[in-house]
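My questions all concern the structure below.
Chain IDs A, B, C and D follow the sequence of writing; residue 1 opens each chain.
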Amino acid sequence: MSNSNFTRRGVLKTGTIAGAGLALPTYLSAAAHEGFTNAPTGDTVTLGFNVPQSGPYADEGMDELRAFELAVEHLNGQGDGGMLSTFSSKVLDGTGIMGKKVGFVSGDTQTKSDAARASAKSMIEKDGAIMISGGSSSGVAVAVQGLCQEAGVIFMAGLTHSNDTTGKDKKANGFRHFFNAYMSAAALAPVLEQLYGKDRRAYHLTADYTWGWTQEESIAAATEALGWETVEKVRTPLASTDFSSYIAPVLNSGADVLVLNHYGGNMVNSLTNAVQFGLREKQANGKNFEIVVPLYSELMAKGAGRNIAGIVGSQNWDWKLENEKGDRYAGTNAFVQSFGEKYGFPPSQAAQTCYAQTLLYADAVTRAGSFNPCAVVEALEDFEFDGLGNGPTLYRGGDHQCFKDVIVVRGKENPENEFDLVEIVEVTPTDQVTYPVDHPMFSGGALGSCNPGA
Amino acid sequence: MLGLTKKDFTMFIVVIVMVALAPFLLNPFPQGSSLAQMFNAGYPDLMQRFVIFGILVIGFNILFGLTGYLSFGHAAFLGVGSYSAVWMFKLLGMNVIPGILLSMVVAGIFALAIGYVSLRRSGIYFSILTLAFAQMSYNLAYSVLGNPASNFNLTNGETGLQLLLTDPRILGQSTTPDGSLPVTNFFGIAMRDSYDLRMGDWLFTFNAGYYLCGVIMLISFYISIRIFRSPFGMMLRAVKSNQQRMNYTGLNTKPYTLAAFVISGIYAGLAGGLLSSMDPLAGAERMHWTASGEIVIMAILGGVGTLIGPILGAGFNEYFKNILSKINDSVLHQWLGFLPDGIEDFLVTIIHPFVGKGWHLTLGLLFMIVIIFLPGGLVQGGQKLGRKISGRSRRDAAKAAEQSKSAAE
Amino acid sequence: MDQIILQFLNGLDKGSAYALIALGLTLIFGTLGVVNFAHGALFMIGAFCAVTVQRILTLSTVVEDPTKTDFLGNPSKISTPYVESWFGPETGAALIDWSVPLAIVFAIPIMVVLGFIMERGLIKHFYKRPHADQILVTFGLAIVLQEVIKAFYGANPIPTGAPEVFRGSFDFGVLIGFDPNAIIYPYWRMVYFAFAAVIIGAVFAFLQFTTFGMVVRAGMADRETVGLLGINIDRRFTIMFGIAAAVAGLAGVMYAPINSPNYHMGMDFLVLSFVVVVVGGMGSLPGAVLAGFLLGILEAFASMNEVKAIFPGIDQIIIYVVAIIIILIRPRGLMGRKGVMEE
Amino acid sequence: MGILEVKNVNKRFGGLQALGDVNLSIAEHSVHAIIGPNGAGKSTLLNCLVGKLMPDTGSVLFDGQSVLGRKPYQINQMGISRVFQTPEIFGDLSVLENMMIPCFAKRDGSFGLNAMTNMLDDREIVERAEHMLEEMNMADKRHMHSASLSRGDKRRLEIGMCLSQEPRLLLLDEPTAGMARADTNNTIDLLKQIKDKRDITIVIIEHDMHVVFSLAERITVLAQGTALVEDTPDKIKGHPKVREAYLGETQAA
């Protein structure tokens, strides 16, 4: 099949006739020139921000969208520039990307694989988006990443923590800045040992879906390596709202640590239930009973209220990082400042990851000198950078995962204000959370080759 | 013609023309204009959805519209069909026909089993039975049947069943020479192939997958017309009207309702198979009760028991869902940019809660408005409108006649 | 054994939430003949009444504290709730602490009025329409209500704690001779169970022993005849709608400390409560309560590790399996009347 | 040996003996009325004949074959048609369609998956239905929505629907209940016509003595679940037992 131009009133806008072959439809027919999907033709370039706007993660999605808008502003030279000034790569100058003004479209993933793909498809097919970013769950990330691979656009993952995203479901066109379950486990293990000792018995409650399973596997492996024993791994239905019947047997099971592999509303409810049952005041095996929530977010802490006090978990980033841990984490304050000025509250880790991903994409395009996804992939692979708030970071070429320090946090006992919910306990350095590309927890998939589409 | 009455045939022709010309009809605004960005719907994914959900609701209407049995678990068949088709692409090859056929067969078997049990009850008890079966399927697909670590990973859980480079595909290739996944095709025509037609500022996209779905939708629609007009269809309406009389007229209602249930299940399976053929990933959310509820909503929105209603209802729902969720503040500002700043900001503030993250709110309000004011759905709305227009033109004609008469005098 | 007792307690507690919601749903269905898909939304609004009361009580005066800075480096703001400055810090703090029980007082009039508005403004136009239309319009209303709540309160759950005295749990096991910690149960859940029992008892007593209740019961059995007696049954039914809304709202208020309220909690309960109502039998109040407790208890037992080891994933589907079995064995649910909602 | 033989039929509802050892023999080609006071068990007996209820003990033979344990539609297919107290028709369908359905049932049996032909193209059925409508004097109403018919027309339609199946036994459950005198007389005339023209047995359950005595050839009186007497109308009129059980009650009422 071929693209054709058909002039009726003698007005010929573009003069391209070229084979499209096995291609997604291209709205901008010049795409065929360039040999890749949605090549920007005019003076703008369109990015697609696909975030949950309805459903339980809607607030997180809105925070991601705010960060995207901020990033677009900074790329276009508006506002205070945020992390552009601290970013180690200096090719971005506030004139958009390669001189093209950055525009964006947004959509709703609804935190459903199907809906997220439909939304991403409409961005690619209708709006001519050349990069898709965002999302707040791993199922969605994997599904949209697969779509972008097939369509020939770049996917810059938002919040996705499952090992699979850059493990068995990794794709050449997809990149993840956020950390993953293995890294959480590796970062938490030494802290847990230090806080609770080597002789502990853990009881896992796990949300019964892909992300829950990989986190359970990672945490169990890391804690067992410390000498902890895993008493039981219990799967809880995703749709559960009341976890009492899963929490009730914990205390009598011989366990003295409860690991909650839950996220979002599930985690808020299970933690609230656990605290209701008084687990935190109990003694088991002669020790204080403890609760661990391996993946933590500000919004979850907010939802759990004072139940979060004293609960240990891990984060990709925290807005207090630079203030408390020094200028290794440069960029943090610049970002918090410009986000806070605009929206009136500090950004979440989801916002930071989305902001950083947008800048990283823009930077890679500029360095590559092309919007061609394959050129971008090449520019991002094994790219080392600094100044985006996480300290020195490597985008590993073997699996498109970022490697950087992981933050271990704890819920504050007496928060001073509504933003000050967690305290940073420890920052686990990069080399402790790094794993080989062929680690068994990440095996089973292949990047494949980059797909430029048309 | 084609065994249809003249009226039905005319309607069928109108639908054929609409399906064939959809790429034009759905892209009324020139490419690149701000209205196009929001209101144009002529891109392949959405056009495919229009016709696929059309098939789904046409099938649902055969059950609900004719027999009055309200199934609240129809999404299960959609999901089962989707999974079957993807499995076919994984195991056999990327031609869509085996996948579509299998999805119909499997959904039919599923419908036979669920229908056989559920049709022992009627009314809301039937609805709850179908709901219970569908929710069971959903919950199992999401968790137990979808654990990648187990040997029995039928559905791949939350992520959804997807193609892998390592799939066998015994009649095709596991991987294309350049290392990517092969694409779904119909005897070599890739489903995502498109033909772009540029006319001045306008751009129209003709997508292979859309036309395949469109043809299948037309066949499904034709079959549904035939069923509506057949003795079988009359029996189904009789079931809805008076089951007691059916029984005392020597007719066994169970096989009639079961046949209707299975037919509509096959339609749903077909829709699922087509969804997977257009985009080979099947997610468990397709089976969630809200998805079943959406099918009911589409049917009632369009007009229950009417022939054309399901297509209108499906189109209405999909269109607003896709369009509303993509409007954000910067788009609003772009639209209303011609207004003075104060008024622009004010209007944006007013509209803001109803678009983007608020699209559910708008859709909910639209449902309520339609259902309150148009009990017969959009079809009734169309009839009312038609009557008003024809009424006015008749009045106008009468007036004109009178005037010419008085002028003659 | 201790596990069984423990899960039984859990079941009673889950069951009391199901029973309360199903009771209101059945009241509306039994009296008005309307299938109300917005009932879950009423439950959710009840929970948000608790949130709102908490918000009102914590409305604060804000003063800048120059000694500290906030995250942007500006002087940080110190807020003192008005109630603390009016009634003194201790009384004020106690009031805030007790915001959930206080919300009951606040929720009753709100829910009743909301019920009246819903019935007079929308539902009454749907008495003669098919059940499918009723389902759709109330479903639309449920979406609208929850989206309005989302627009005001966001999508994130909002922690709404129980009063301090009800935090923590009680060790039942010790009382009946088990080891410590074998059977522990949170105080607030016990309060919830007791509360549910009182509400259910009150509704039954109201229907059984008041003339108003007797007329309503007669109307549930045969609307036309009661209408012929010259009794304005419609007004009473409107009041019943208000009462049903209040029951759902109160169930929501008291549920707020158990799980932090969020805007979609109504939808989470909706399907379940319909299953409960149908299993109980359409139109039967005792059936709804019975089925609520039955399904709650079975759900609790199904989540035991020992049971899951035999039937993997049973806790995901138990409710539906039980519903299917009961409807097949008993065509009209546990206590349903013949001919109700069978067309 | 009659066409319908009811032997020792018993039916209990909890503590209530609805039918006690009922025996009944209905001769072919006769018009047989069953009368009795309210609660005598008339409806219960009828329901036992058509498969809606299952007697506790006893047998019901239609043309030598037992009807017990069969579903209503199977009993209908054996040749028993039932007319209800309030006309049961397909209110959402047109009059012609109402008439076509029993024609299909007669020709194609209890189930036919005839989904691809246009029903109006089935000339045989359409002609049969139209013919029956003419016989019922309803041909001009054939495109009407049947729910909008008058009660008398609904009754005619229902009887016509039953007749179009060419049943051997027609059961009528108080066919004139709630009718005005004129409609009642019309119905009587219609039933007389049917009796004269057709090779059919009619069993009629009736309250209205005027109807019973103008139609019936034999009458069975049911009281308190048992068949008191069976005889010709003339004999029944003067029967002391009947006066006591039946007329006595009507006088009191």
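Here is the rule we go by: contacts are C-beta pairs under 8 Å (C-beta built on N, C-alpha and C of every residue); 3 or more make two chains touch, one makes a residue touch a chain.
Computed from a prediction, not measured in an experiment: that's the story for all the values here.
Minimum number of contact steps separating subunit B from subunit D: 1. Ranked by how close its mean Cα position lies to the mean of all protein Cα atoms, the top chain is B. Greatest Cα centroid separation from subunit B: this falls to D. Averaging Cα coordinates per chain places subunit B and subunit C 35 Å apart.
Distance between subunit A and subunit B, defined via averaged C-alpha coordinates, is recorded as 33 Å. Centre-to-centre, using mean CA coordinates, subunit A is 74 Å away from subunit D. Across the assembly, subunit A contributes 54, 58, 208, 235, 237, 239 as residues in contact with two or more other chains. Shared interface positions of subunit B, i.e. residues touching 2 or more other chains, are given as 139, 142-144, 360.
Residue positions of subunit D touching 2 or more other chains: none. Across the assembly, chains come into contact as A-B, A-C, B-C, B-D.
Across the complex, subunit C is touched by residues 64, 68, 70, 117, 120-125, 128-129, 131-133, 135-136, 139-140, 142-144, 289-290, 293, 296-297, 300, 304, 353, 358, 360-361, 363-365, 367-368, 371-372, 375 of subunit B.
Of all residues in subunit C, only 35, 122, 125, 129, 131-133, 135-137, 139-144, 147-148, 151, 267, 271, 274-275, 278, 282, 312-313, 316-317, 319-321, 323-324, 327-328, 331-333, 341-343 touch subunit B in the complex they form. Interface residues of subunit A, counted against subunit C in their complex, comprise 54-59, 208, 232, 234-237, 239, 241-242, 244-246, 248-249, 251-252, 265, 268-269, 272-273, 276-278, 281-282, 284, 299, 302-307, 319-320, 336-337, 340-341, 346, 416-417, 419.
By the touch criterion stated above, subunit B contacts subunit D in their complex at residues 3-5, 226-227, 229-235, 237-238, 240-242, 244-253, 255-256, 259.
Remark: subunit B residues 31, 37, 40, 43-46, 49, 139, 142-144, 146-149, 156-160, 162, 164-165, 175, 178-181, 183, 190, 192-201, 203, 205, 207-208, 279, 281, 283, 285-286, 322, 325-326, 328, 330-331, 356-357, 359-360 touch subunit A in the complex.
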